[in-house]
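Across the two complexes that follow, chain A remains constant while its partner is chain B and subsequently chain C.
Take a look at the complex of A and B:
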């Protein structure tokens, strides 16, 4: 016999922060932290730098968001394709698709992104892609090419896990199409937690990759592609001369403690970018781990 | 002497069990019936004192369970008693051989544990027992039935020890669905052993089961024990649970009233014909029958025919069902279905495209595993590719055939995971009944059901048969199905 007993509102509020909901706690910390930093910038960072910071943050989040959407579409598509080809009569096609995907997987992510950015730079230089918005989306799409197979793996693993279970067989013999079973019954009803956790992890990975690649490009790996070609992101902001000088002050503050207060008022751009980047990555990592713990993934 | 208990078990904010006035007769045997998942096991564990899940809060007779269990007489009933788990794997230690586990702790005092445990194996099966004793138990070896018998045997050892020391009367022996994985013969040996040990020591025994056919066995084989046995049934009563006496006569009279149904539609060529000689997992399987005939034959089912396939536990009944339905690939098999010849080389897509949900379907034996626990009851029906389940009215109509009208709106919105085992089983059956297939396989359709649900399910099966559906029925519930199905529609699966 099961019935719900009334829950005390205060207890309900407290339970939101219970140890088994670390993902929610860290989401609140992340958003709260960003709001506090933004208010600090509003008070102490000069307006042009603040506006550039805001644009960089928005571009980075938009690019990472594009990575998640694009990676999920490609991941789902490739998982469905592999599932469709995984039949005795289509063994050759299955092997060919697996080979191509593994070939793509074998390219180191950072190299893959550099190659993609070279293509993107060519489009920008040739003025084929002028809109900054489109450039951010394109950067996100290119990044997703090197991470989408993580989503493919999760979807395939979920399908494999449930395929041997009686409930899938029972639905099959009731005449329910396999495509419906996979998408509605397995992925939607039984794998949302897994997919949300993967989305958070891909989002964090995308921010890390976008920042890393922008930083690498900005410090001058290529004469063809430069910082000025692309919309600002946290990575390119970090590589700018002002930010580097700000960050160098941290070293000086270690030997001259008197410089410490100036870090938070006069060298805000570099310190702020570095903090927001690292803080965001740590929070996303914690959210992802929290989801794993809460849903026992 | 009756002892009365008020038992309340909750997990966080969810109330799992709230039973008032659960009575247990000291020094007697209580058979507790009721549909699966209603809370029988929780009651047994709460009484015995093994509520070890830290998330569960247990109150017995209004006091916290830890304080209750600390009372000397309660501690003694646990120390001198034994608990046989429904799922024996959760009791057996995978790092010790079965032989060692039969001799450890208090059981070390038992002179001859193999003799005691061996009473649960037939004379011709003693070599099987000897073979598994040196085994470290894993999920797949020994079989569920063998593990269950080992655990029951350990309880018998404890009963024997307690009887010899005169302490059995103090002990509480709880058997939680001990016969779930046993075939009829093994179940009978268990009951014979239980009553035999009881006669020597008169312990308090709580036997949790939904196998109502035990009533008939007690009356037929152990009539002298009836004065020591009480039958109780745990029932859903509005929002709570209630415990009532179960009148064995109700079941026995109902059973006597069952008459084999002669089918009207049975004529013409068989809808399904499966040849003997199926080969799978290195075994060769065949059919004997119909009836008691020992002759090898085809398994034949015509439209409107209800055919009962019986076999000993683990013989491969479910495997054969899965081969017929096209879910399991055999090394060799031949069958004719609706004029089409099928075998091990037939493409699996044929079943998927032409047969599943259109001409044949199957009800799996464990509803818990056969339903998507994350779906609601309504969603479980709405997903079916038939018109009748696409409207709320249609779905309610289907549910009304096995559920009470009053509970339908709330039930329809309930998540499957929140249903009791019996409710899940009824939903499991309804899903197949909602499809208008010409052939239906029912694998243990009476699993987890209480007496009232059993009668309703049998009526529903009969309606399907009258509509001309060919039905293959697999069940270890021989009492009921041998009464219901005439011998000419009964086959036995044997290893050749």
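Take a look at the complex of A and C:
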């Protein structure tokens, strides 16, 4: 890095602002951006809306975090199972398991989630699941059911990549169990970058899906599950009447530029929720991309 | 290489399996739609117009007639009357039993109502898929060509010019900053969930039409940028391979200047296969394209997800996913399953198409001796 900037002194200034480690840069931008937005809310957004916004953000992040953990557990489990079945004697079982996974992959995520949410709504209505914390976790778990195949693919691809290499054969000859080789040598020591990149990408996908499903059920299924009996997320906040009216003003501001300043002060709730959602999605995409570039994944 | 027959059978088999499961659930739902025997009997007695169950005389006549005809005891007849009363109360209080509030079930009529909506959904999806793939390919090629020609981003160029020329350059090159800002806005729109963009434009545009849905389907939800990025990564990976150097030694063109005769013409970004003859990018492109096709299968489900979100979030009456949401609301689960199965079929057929396309390209490039 140093020698590079010495050879190209003109790049020094630009490189200070735009370093080559884009994943780190975008992580800083994301966190910094959220802090700035929060300070802005502190100054200009009324307290009840700000508190609701904070809860919604925390719920969304918690739900997306649950998706990542749950998807990794399921992805790892299914990859190990497939590896165990990938033997000539168990060919039929292997084909059946692959077939089921492919089948699950073909179900559009939102359809799978919608059917799952219908079940979740029934549990909430029947007061079987009262705790909001549990509801957020359950929503995350449901989402992970439609995204875990991505994790399975990455783990399988890593195992396939290393399986034919000499060091794997050498370790097997030394008596190291196959699962130790896979988990310690292949996944832990040689695939952390791939897994971190996948975790970031699943996190982004989870935020998008959770927000979208909450928006849909808040708009379309309001008599079934209302905002009052489901924990608030960025999606359900966006679906509230206040937020929708705030967002409608963007269209008006396109033709009446005089309305632009009001977006940042008077229509802060809707604009803020939309901005935080989109900004988070962009930053997570950039972080994931940065990891791909840096590690040449 | 898998045979074409094997590929087709595999996909049709999975559609068949899911169809069987769905049919089984539909049969179960149909059975559960029936009323319990006592209520069923009460419902049938209520259909007799000549009996007024509020009249004491009619009730006494009904009790005697029931005992005589069915050979039942008075207690049994009272129990039937009780069931009739409960059913009558329910017909007044339960909204689902009121006229017009009955649940729809899967019949030929309801299926025929869904069919045109499904056809419209499939047509919009096919258009979105074709436009997205073409746009993603063009965008990825454009980004790749820019990278190869060593062109910096507008923001980086601006910062470099500020470093060179100080405050004066900061003002004179403000255009680059505007360019960077507009690109940032464009990226934000590409990543926006469709409902944010749709609501933002609702006051100025008619959002309840197919054209707007196609535009949203292509340009929002991150669909376009994710696919283009995937292709761009594949192009990068291919460009690092050894055959590129071999091609250069053999005299293939390698200038990446856009719009120049010896470089890359703008039209070749739209139709790269034919217009890049003699350029090393053609080989890179062909090899990356064949790897993109399996990725298309992954994206098909996500593209459908995007369209479902658009239809549901915008609440456009008469569209398939709006109808699905309404059926969920009224717990008409057989119709929900039918629609979900149709959407699954669309994804599966896309996967079949992608596999056949991959098979055709693979066959072209495989040297079977």
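The rule is simple: the second predicted complex is superposed on the first by the 270 of 297 C-alpha atoms of A that agree within 3 Å, B and C clash if a C-alpha of one lies under 4 Å from a C-alpha of the other, contacts with A are read in each partner's own complex, and residues count from 1 in each chain.
One rule holds in what follows: contacts are C-beta pairs under 8 Å (C-beta built on N, C-alpha and C of every residue); 3 or more make two chains touch, one makes a residue touch a chain.
Just so we're clear, the structure is a prediction, and the values are computed from it rather than from any experiment.
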Partner chain(s) touched by A:40 [first = chain B, second = chain C, both, neither]: neither
Residues of chain A touched, compared between chain B and chain C (which is higher): C
Contact footprint of chain A on chain B as seen in their complex: 10, 13-18, 38-39, 236, 239-241, 322, 325-327, 352, 356-358, 360-364, 366, 369-375, 383-385, 418, 428, 431-432, 435
Residue ranges of chain C touching chain A (in the complex, touch as defined): 14, 17-18, 152-153, 155-156, 159-160, 162-164, 187-188, 191-193, 195-196, 199-205, 221-222, 225-226, 229, 233, 298, 301-302, 304-305, 308-309, 312-313, 315, 322, 325-326, 328-329, 336, 340, 343-344, 347-348, 351
Chain B-facing residues of chain A, complex: 1-5, 7, 165-167, 169-178, 180, 184-185, 189-190
List of chain A residues in touch with chain C within their complex: 10-14, 17-18, 99, 102-103, 105-111, 114-115, 118, 208-209, 211-212, 215-216, 219-221, 223-224, 238, 244, 247-248, 250-252, 254-255, 274, 277-279, 281-282, 285, 289, 292
